[in-house]
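Take a look at these structures.
The two complexes that follow have subunit A in common; it is paired with subunit B in the first and with subunit C in the second.
And now, the complex of A and B:
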C-alpha cells in the first residue's frame, strides 16, 4: 500500500514507466504490469510481470479509477498497464481546448 | 507537485524540437532543463528565499522560472517599468532575494535591503549554461511556485500566491501533452511578470510549441516577428490587438502573415468593434477569448473559434452578443453569480462572479480570500446567459450606481465605440446630487474626426436605457492605461472631480 500524496512520483517494478499522483487521498495499492509500484529510490529484484497487464501506459496521459477519486499522470512511458487495488486505471478523456495562452 | 515536471517530460519526449527562440538562438527543452538545473544549484547555495526576474523576456525567463521551482523557492517576477522607489519597496517584501535584473536595474537595486544575491540576466544565463545539470532533482511539493504582485489599480500591490498544484492543475486540465504540430510557433509579447507570461511558458513547453519572445511590444515589431519566425499563434491583450488592427488598416507596411492560424486575447475588456475589425482582417485565423485572473492561474473561461464564427454569422441578438462575452467555463472550473448578500443568481441576472476549481488559488501572502466551500470572489461583475456564456461588466469597484441601478461601464463604452468618430472611450461614476452617481464619459476622437456631446448622447439613448445616457463629457487626447493595457479608471474619475 502507498500513502497517496499529490506530487508523489512512483516507478514501475517491471518496465520504464513512471507516474506522478495528481489526485488521491488515503492509501492505495498501485501496480504496473501487475506488480506494486516503487518509490523513485526503491528497487526490487526479480519481479514477474503479469502478462495480461502489459498493455502499456502513455506519457502525458492521465489515468483514473472508476469514481475518479484517484488520478495519476504518466511521466515516463512503459509496457506495463496501471491499476489500483486490482482494478485497471483508464485514460482520462479530456475535451480538446483551443490554446488560450 | 512541481512545475519542473512539465519541463522534464517535454525534454525527454521533445527530442529534435526547438522549445524557445530568443536573441537569435534556439534552445531545446533539454537545454532549458539542464540550465534550470544549474541555476537551481546556485539558488540553493545562495540560501535566498525568493527568486525575482526584473527584466524583459529573454532565455533567462524560463531558466529563472524552472530554476526557482527546482530549488523549491517561490518565483516572484517584478515589473521593470515601475519607478525605482516602488521596486525597492517590493524587494524589501522579498527578503532575502535572489535578483536577476537588466543592467540598469541591477546597478540601481543590487544594494537594496532584502537583496541576498544580485546578478545581471546575461550573467545569470551564462552561469546557468556553464553549470548545466542534465538530470536535475527537485522536491515533490515545495508549496508556493509563483508570487505575483497584482497590478492593483486600487491600493498597494497585493502579493498573490500560486502553488505548484494550482499551476499544474491548470496545465494538466487545459493542455494536451506534446499536442503541437512540429511547425507551430507562438509569439509571447506579454511581459514576464504577468500571469499570462507565465502560463504561456508552461503551456507551450508542455504542448511542445516553439516559443518566440517579443521583449518590447509595438505593432510593427509584432508583425515583423510573425513574418520572420513563421509564427502560427499568439496571445495579446486588447490594447495590443487594437494597435495591430490600426497598423494593418492605416499603415503603409505589408506583411506576409499566412502562417498565423490562431490568436488568443484576454487580460482586459475587448471592445466589440476591435474584435469585429480583427475578424475581418484575419478571416482564416481562429480567435479565442480567454478570461482569467492572476489568482486563478490564468484562464477560467473561453470563447472559442467556433463561438466567434457563429456569433459573427448570426442575426439573432442573443447569439451576436456572445462576441462580447468571455465564453464558457473550462471543464474543471465552476462559475457562480451572486448578489450582494452572497445568494446565487439566475442566468441573465448581474452580480459578482465567484469561481471554484483546482487551479484557483485565491490566496495572498497575508490571507486567503477563498470561502469555506472553496469559492473565490473575483470582484468582477457579470452575468451568465442561458447557455453558460459569461458576460463581464467590469470591476465591482467600477460599477456606476445611479439611483440604485447598477450600470457597468463596458455597456456604455461598447456603444460609444460604434460611433465612427470615436477612437476610445471610458465611462466612470461621477457625483450627482440627484442620483448619487451618474455616468461621465471620457472620449478620444479619431484624428481629424469630430462629433458632439448631443450626438453621442443620442447614440447611447437609441441603444440603451435612458439611465445610461452620459451626463458629463471630457474630450481628451488619450486614455491612461498601465503597461498591460489595464485602463486606469481612478485617474479618469479625477478628471470629473
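And now, the complex of A and C:
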C-alpha cells in the first residue's frame, strides 16, 4: 500500500513507466504490470510482470480509477498497465485546449 | 499638435522608428515591433508575398488586444492567465489558461489535495521552493511555467538556459534556408494544411493565405481549436478564408483520412508536441523525405529535441523564458509582460516567412520553430538593431502608455476580408476534391 499524496512520483517495478499522483488521498495499492509500484529511490529484484497486464501506458495521459477518486499522470511511458487495488486505471479524456493563451 | 484624424498616418510613417510616437495620440510601439517590421519587410520582398507589405509589426503584436479591448494590468498577461510568482531563489511566469491546469497545482506543489487554488495560495506555496525543480516538475505535468532568465543564468540546465539566439527557424532536415536564391514565383499556390491551434500556427497559416496559399484548417472533433471559444473577431482574423475539416483523430477511418490529407499537402503547419502526431503515426521526418518539395513547419515551446520537446509553452511564458520580462524589469523596475503572448505573433510571422521561402526554394525541409527560441532571437535582433538602451527606453514608453490604457492607441484593427468556416464545414467538400469522388 502507498500513502497517496499529490505530486508523489512512483516508478514501475517491471518496465520504464513512471507516474505522478495528481489526485488521491488515503492509501491505495498501485501496480504496473501487476507488480506494486515503487518510490523513485526504491528497487526490487526479480519482479515478475503479469502478462495480461502489459498493455502499456502512454506518456502525458492521465489515468483514473472508476470513481475518479484517484488520478495519476504518466510521465514516462512503459509496457505495463496501471491498476489500483487490482482494478485497471482508464485513460481520462485529453485536456481541452484553452480559448486563449 | 497632431490632429486626431492624422493619427494613423503618423503611426504608419513612424513604424520603423521604435523610439518615436511620443506625440499626443500617436501610437507608442510595443517592444520588438521594429524587429518584427524588419522581418515583415524581408518576408514581403519574397516573390508572391507583396500582400505582407501592408502589415505592421505593432498591429500584429497587439492584434488580440485590439480585438478584445482588454485592459493592461501590471504583472499580469493581457489574457489574465499568466502571472509572475516569486520563488525562494527567482521568479517564475506561471500560465494557467485551462481549467485542467488548476487541477494539477496540488501535484506540482506537492500540496494537500483539499481546498481550492487561487493566485494568493499559489504565491504562498511557491515562495519557499527552488526555481529549477519547479520548472522541471511543471514540465513533467505539462504546465506552462518559465523562469526569468536571470534566475537561471549559469544553472547549466540545457534546454532551459541555452536558447538559440541566432537562428529563429532551425532546419532540422533539408538544406539551409540561406540556400534559397534566385527565387521565382511558382505557377500555382501551395496546398497548406494547418493542423495548429491558438495563435502562432494559425497566424502562420493566415499569412500564407494572404500570399495566395490554399489553406485547409484541420481540427480534431474531440479537441477543436480553443480559439473558436475565445474572442470571435480575433479568431476570424486569423482563420478567415481557410476551409475547415474536422476529423475524429481517435477513429481509425478518420485517422486514415487525416493521413491522406497530410500526404496531399505542400506545407504542413502544426503546433503540437512532437510525440502527439508521432502517436497518430504521422512522422514529420518521413513525410518530408517521401516526396520532393514538401515543407513541414513544427511550432513548439522549446524545440523538438531533448527535454524541451516535452515542455509546453504559450506565448506569454515563452516570452519570459526568452528574457523579455528581464528587459521589462530593466525598463520599469518590475517584472512585466512585454506585450500580449508576444512569442505567438513573432513566431507566426517567422514561421510563415520560413515556410514561404522554403516552398519557393524547392521545399524538402522540416523546419523547427520554438516560441522561446524565436522570441529570444527577435530580442537579440532588436538589440543588434537599436542597442539595448534604446530598446529599454522604448519598452518603458510603451509600458507607461499601457498603464494609462493606451497600449494599442493609434493602431488600427484589421478587418477580415473573407468569411470563417465553422469547424468541419468543408470536410466533405475538401475530401471529395482532394481524393476524388467517393
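Quick notes on this one:
Going forward, the second predicted complex is superposed on the first by the 96 of 101 C-alpha atoms of A that agree within 3 Å, B and C clash if a C-alpha of one lies under 4 Å from a C-alpha of the other, contacts with A are read in each partner's own complex, and residues count from 1 in each chain.
Please note the rule applied: a residue touches a chain if its C-beta (ideal position, glycine included) is under 8 Å from a C-beta of that chain, and two chains touch if they have at least 3 such contacts.
No experiment lies behind these values; they were computed from the predicted model shown.
Within the superposed three-chain model, A:100 lies in touch with subunit B and with subunit C [touch as defined at top]. In the superposition on chain A, A:25 contacts subunit C only, with no contact to subunit B. Applying the stated contact rule after C-alpha superposition, one finds that A:73 touches each of subunit B and subunit C. Touch criterion met: A:7 reaches subunit B and subunit C at once.
Of the two partner chains placed by the overlay, neither subunit B nor subunit C lies in contact with A:86.
In the three-chain superposition model, subunit A touches both subunit B and subunit C at residues 5-8, 20, 22, 59-60, 73, 75, 94-101. Those residues of subunit A whose C-beta lies close enough to touch subunit B in the complex are 5-9, 20, 22, 59-62, 73, 75-76, 94-101. Remark: subunit A residues 5-8, 20-25, 58-60, 73, 75, 93-101 touch subunit C in the complex. For subunit C in complex with subunit A, the residues that touch the partner chain are 64, 79, 81, 95, 97-100, 103-104, 106-114, 137, 140-142, 144, 197-199, 222-231, 273, 275, 279, 310, 314-316, 341, 344. Residues 1-2, 5, 8-9, 12-13, 140-141, 164-165, 168, 172-179, 186, 196, 199-200, 202-204, 207, 209, 233, 235, 262, 264, 266, 286, 288, 290, 292, 298-299, 302, 304-305, 330-331 of subunit B touch subunit A in their complex.
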